[in-house]
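Structures follow.
Here chain A shows up in two complexes: once beside chain B, once beside chain C.
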Partner chain A sequence: MGSMKKLESKIKTSRQRPLISVMAALALLPLAAFLVSLSFGRYGIPLPQLMQILFGKLCGLTPTWPDTLEKVLFNVRIPRILCAMMVGAALAGSGAAYQGVFKNPMVSPDILGASAGAGFGAAFAILNNYNVIGIELTAFLFGIAAVALTYFLGQAIGRNMNTVLILVLTGMVVQSLFSAFTSVIKYEADPNNKLPEITFWLMGGLTSSTQKQVWMMAFPFLAGLVILFLLRWKINILSFGDEEAKALGIDTLKIRVILIMASTLLTSASIAISGMIGWVGLIIPHLARLIVGPNYKVLLPASVLMGAAFLLLVDDVARTVLVTEIPLSILTAIIGAPFFIYLLLKGRSSWE
Partner chain B sequence: MKSKRFKFIAWAICAVILTFSIAGCSTTSATQPASQSPSAAASDKREITDMLGNKVKIPAKVNKVFCTSPIGTYIVYTLAPNKLLGWNSKMSEDELKYISPKYKNLQVLGGNMGGQNTFNTEAITALSPDIILDFAYNGQTSDMVTELGKQTGIPVVIMDGALKSTAASYRLLGKILGVEDRGNMLADYVQKSLDRTAAMVAKVPADEKVKIYYAESADGLKTDGNDSMHTEVINFVNATNVVTMDTSSSGKGASVSMEQVLKWNPDVILANSRMGGSNFLKTIYSDKTWAGVKAVQNKRIYVPASLPFGWFDRPPCIARVMGVEWLAAKLYPEYVKVDLKSDVKNFYKTFYGVEITDAQAESLINS
Partner chain C sequence: MKLEVCSAVCGYGKRDVIKGISFSVSSKEIFCLLGPNGVGKTTLFKTVLGFLKLRGGSIKVDGEDISQWSRKKYAQVIGYVPQTHTPPFPFAVSDVVIMGRTAHLGSFSTPALTDRTIVRNVMEELGIMHLKDRIYTEISGGERQMVLIARALAQQPQFLVMDEPTSNLDFGNQMLVLRQIRKLSSRGIGVIMTSHFPDHAFLCSSKVALLRKEGFEIGRPDEIVTEENLQEVYGVSVKITSIPVPGGLVKACVPLI
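Our next item is the complex of A and B:
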């Protein structure tokens, strides 16, 4: 235990004090984004009326406001805001965890096949006429199944080899396998009926967020996040290498499995309600690392907070700018790709 | 030991290839004699101008047609079904109920739909169609279809898929397929039917124009804009599509937010029962949020029939002629006084050659 303390202090940087204020600022970020987002939307709700409804509801006043406004606010806008925040937080948090577990900054949650598996699950469910909940549940289960398959294949193949590399490779295989299965279903699907439905689903987006979606997401979200949060300091140890960690008496394999499971839970739950949204899991942890440094004790919460605020603001753009929705994945890619190139360029100059 | 195993595998592969090539030969040789003779006899060519203004040389006698999408397949089916080489996708049991027994088992050839190619160029070539029939919307054609024509040397005839061109399509296709009388008869039917509805809906005053939202998909939030080939019927019957936005005509559609739908507050929701729409219809009247929409409060959600072909959309085909009358009657009962039931029976008999019962007609009207 003593050596552990030493390790931790090794990680701690001299900018310990400013870090606290930075974290406080980051904690305020999603809250501010939430309040700002409340006033955005295609259905115009004047700010005074918005305040009136919110306070009225909080204090249990009898409604003096139009019923429709209340419905828009509580059945449409707030559920969507909550979904966007949870998905953003889940993707960024699991992305940060994956990067630590695989000791690879280029890894993102879909590398082990979660998205491909979920996509296939949804296509399969749509082809078999499941209802909305059924589609989301099937997507969720297949996302987890794909990662489990990757994991066990990796275990079976890489007994005495570099397991991380094997895992990433089997992940690629499982990913393309499930994408192929999805293509088979799309090929079989009726082009006037099922095919457009599958295409719609794979396009993703938070358009159909309702209170039901919020509750469906809440449990896996909290469970996954609590596990990551409790184990966050152990990710630091993993990033030092298995040898060192073993010397400290840490069962690296067990920790890895738990972390991967929790991250997959988060990713699959997100994909199930929002479809595939790329880049968040990759760029937000990097951005967080730029701000708070590599210590997972603060990096993980920072990623989660920034992810929530980021996706919420991007979704605000997606749902308000045009009459029709802008697909979220397009926006995150347009913001994410240039930022990532910037990171690569910056990385190169620091290597030189 | 190892080399022995490899040898076995090699032999096995050879055997598989051999079986497949023999099977492949036998299928082609079976279709070849039947298909080659008529087109060889009709070696004279004639030149026609298709609806995009292209001059195309086609055989004097056209006996076999491959249509690249259901839009073409369905119009040829109503005009000269014996010249149809096959369907574009597998028909469902419900759809087959309205198809004459003779054509129920027509082979499935695939097509070019939703930007995706599912036909096999060699398989199409082996069937030696006299022409390839394609439908364009706003003059837009698919490169894949043009490429198919170039690769196979089979003439590609391109028609205009707009609703108002339906009668003209029947006339031209009647000439091309050598069934001018039927072509003209169906064209007259289409023109008369469309003109009659157009005259009736023209009397609807501007302030009584109905605002329509077209809901597709399970959440009801996917739609098509008013410039799309998928919503032409709405414009035709003098109603307003609330989605005035330029959405793509490629068939992908657009999604909108629930807030936007509440803001539009449409008088009528047209719900596509396909593409997950059946799930939408199950929940729409019990959903708290959708309850805020006028169309839901007034129970004005209409579902266009889709059997055997879509009356409104998916695909936007000749059945829209019936859809126009139906939608006009649903939207403006004061102005559009028609006997829907007898018109539906008449339409199915004239175009599809099937007698339908009163009950069937009613279920199509109120599906």
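Our next item is the complex of A and C:
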């Protein structure tokens, strides 16, 4: 019995201790990125002054700092940072979940068409002057519709063929279909006010992040994330295919539908506040898998943490490098496209 | 325990593949499904596992109809060892084996220490402890088969359905798996397996179903695996001989090619 206990703890330590420290490091990543990002920007805030304001605010001291500084920090910079972190976490988390649910390492919110569907839904809602909840709901519904379309097309075409690439291809078709719908919306939109609004938003960016948008994102973000987190271990089993998952005791249809709904909720909420930001949901889960392995018990939290830090840092670059802001989606595409090619090269052996 | 299939009709799409088959498997029995490709071996066991809807008749465990069981309840009683394939992600072997614990976990739980203990015991019993930290997608076919058996045992089912457990294995690994199957049945598990080798029915099964295009035949291996039946079903002339081995006689099929 004693030796059993010893073996037990040995197994525990040999496999888990490094993972725990890796996770701790990953948890510090977004926190560090948050602090660094606070002082960065067009309106630079030196670190001592930053600490002074934060500390002063926290303890309710009378302001000894310029009013503008406080306004920049609380009305502009912090909302933007929070939005960047939530969007990054949401896209990376949903990407990781989609990959497991569809047993397909090549998919992501954008490749499945979820982003394009949600984008169309949101554009439609903006055109029709829906309120915040209306925008999010329409984005979600069309996001679900797009994923369902991609999936069923892939099933119909893929039967006994290579479903990994087929799903990517049907996703492309659905993507371009919904982009065409979005173009119709732009064509219809009033060029004096609605068109610029929609176009600017579609380009993808967090320039106009306000406190309102933080709240708009917070609810669907938490709801989707909690669901993914609670079911994360079951994603492992789904990735072995339906029959095996059923035989292991999982109600595959129910769990799969819940996971797809939660992932699409995260995707569509991100798109509703930040427009089309691509690639994050593909790259980050893969990087996370390289670091912590494929077990969703740790992979999902790792993806979420890394996604938050990644998009925040990319957004820092977007808002500081050039005189004018670079749209975020351009930067993520420049990083993401070569990465996708790398995945194709690496995975070649599995579909040849 | 007793798994009973009563005048079951199995099929998919528009086709009924097997009509009116009845058999039972008790604890400690090994039931071997033989027959050429395309006669419905897979359809039959997928129906038993509940992947395909039963189109007639009933399936009972100890007299209780299982058609309304939840997947979880099902998995606690009947385990499945599929043919090996490659999952899309490079899981560690121990992560694969622990998936067998799913049916015993709460809706939102992840495996705990007790589950890891069960996994370790199962892997030690099967002699695959050395594989624990290896990557499932990188080990050999025989090793993967053992890992899948370990996963099904971690599930602690009463019955085990095995889909061609010896296919794609070299001779040594085939015997390793057969020996393991015999050991499982002696521990009280009822086994349903499909096979392409009539010899395997002699080596380890207590009951055989021979499926053919029209109908089926069920009985003891001696009654079913005969020269006439094999000639008829597979179209191959076969001599069946008895070979003395330590502990008795073993029958074997020698094809005349």
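Heads up, the rule we're going with is that the second predicted complex is superposed on the first by the 254 of 352 C-alpha atoms of A that agree within 3 Å, B and C clash if a C-alpha of one lies under 4 Å from a C-alpha of the other, contacts with A are read in each partner's own complex, and residues count from 1 in each chain.
Throughout what follows, contacts are C-beta pairs under 8 Å (C-beta built on N, C-alpha and C of every residue); 3 or more make two chains touch, one makes a residue touch a chain.
Only a predicted model underlies this, so the values are computations on that prediction, with no experimental measurement involved.
**Q** A:P294 in the overlay: touching chain B, chain C, both, or neither? Say first, second, both or neither.
**A** In the superposition, A:P294 contacts chain C only.
**Q** Which of the two partners, first being chain B and second being chain C, lies in contact with A:V317: first, second, both, or neither?
**A** Neither partner.
**Q** Tell me the contact category for A:L248 with respect to chain B and chain C: first, second, both or neither.
**A** second
**Q** Considering only touches as defined above, state whether A:E197 meets chain B (first), chain C (second), both or neither.
**A** Touch status of A:E197: first partner only.
**Q** Between chain B and chain C, whom does A:N104 touch in the aligned arrangement: first, second, both, or neither?
**A** second
**Q** Take the contacts of chain A with chain B and those with chain C, and give the residues found in both.
**A** Looking at chain A, the two contact sets are disjoint.
**Q** Considering only the defined contacts, which chain A positions touch chain C in the complex?
**A** Touching chain C: residues 7-8, 11, 15, 99-100, 103-105, 164, 230-234, 236-237, 239-241, 243-244, 246-252, 289, 293-295, 297, 350 of chain A.
**Q** Which residues of chain A touch chain B once you look at their complex with the stated criterion?
**A** Contacts found on chain A: 41-44, 67-68, 71-72, 75-77, 80, 126, 129, 131-132, 135, 186-187, 190-197, 199-200, 203, 205, 207-208, 210, 319, 322-325, 327.
**Q** Looking at the complex, which residues from chain C come into contact with chain A?
**A** Contact set of chain C toward chain A: 46, 49-51, 70-72, 74-76, 78-80, 82, 85-92, 94-95, 99-100, 102-103, 105, 107-111, 113, 116-117, 120, 133, 151, 155, 161.
**Q** What part of chain B is in contact with chain A in the complex they form?
**A** Residues 70, 88-90, 92, 111, 113-114, 116, 118, 216-219, 221-223, 225, 243-245, 247, 251-260, 262-263, 274-276, 278-279, 282, 288-289, 291-292, 310, 314-315.
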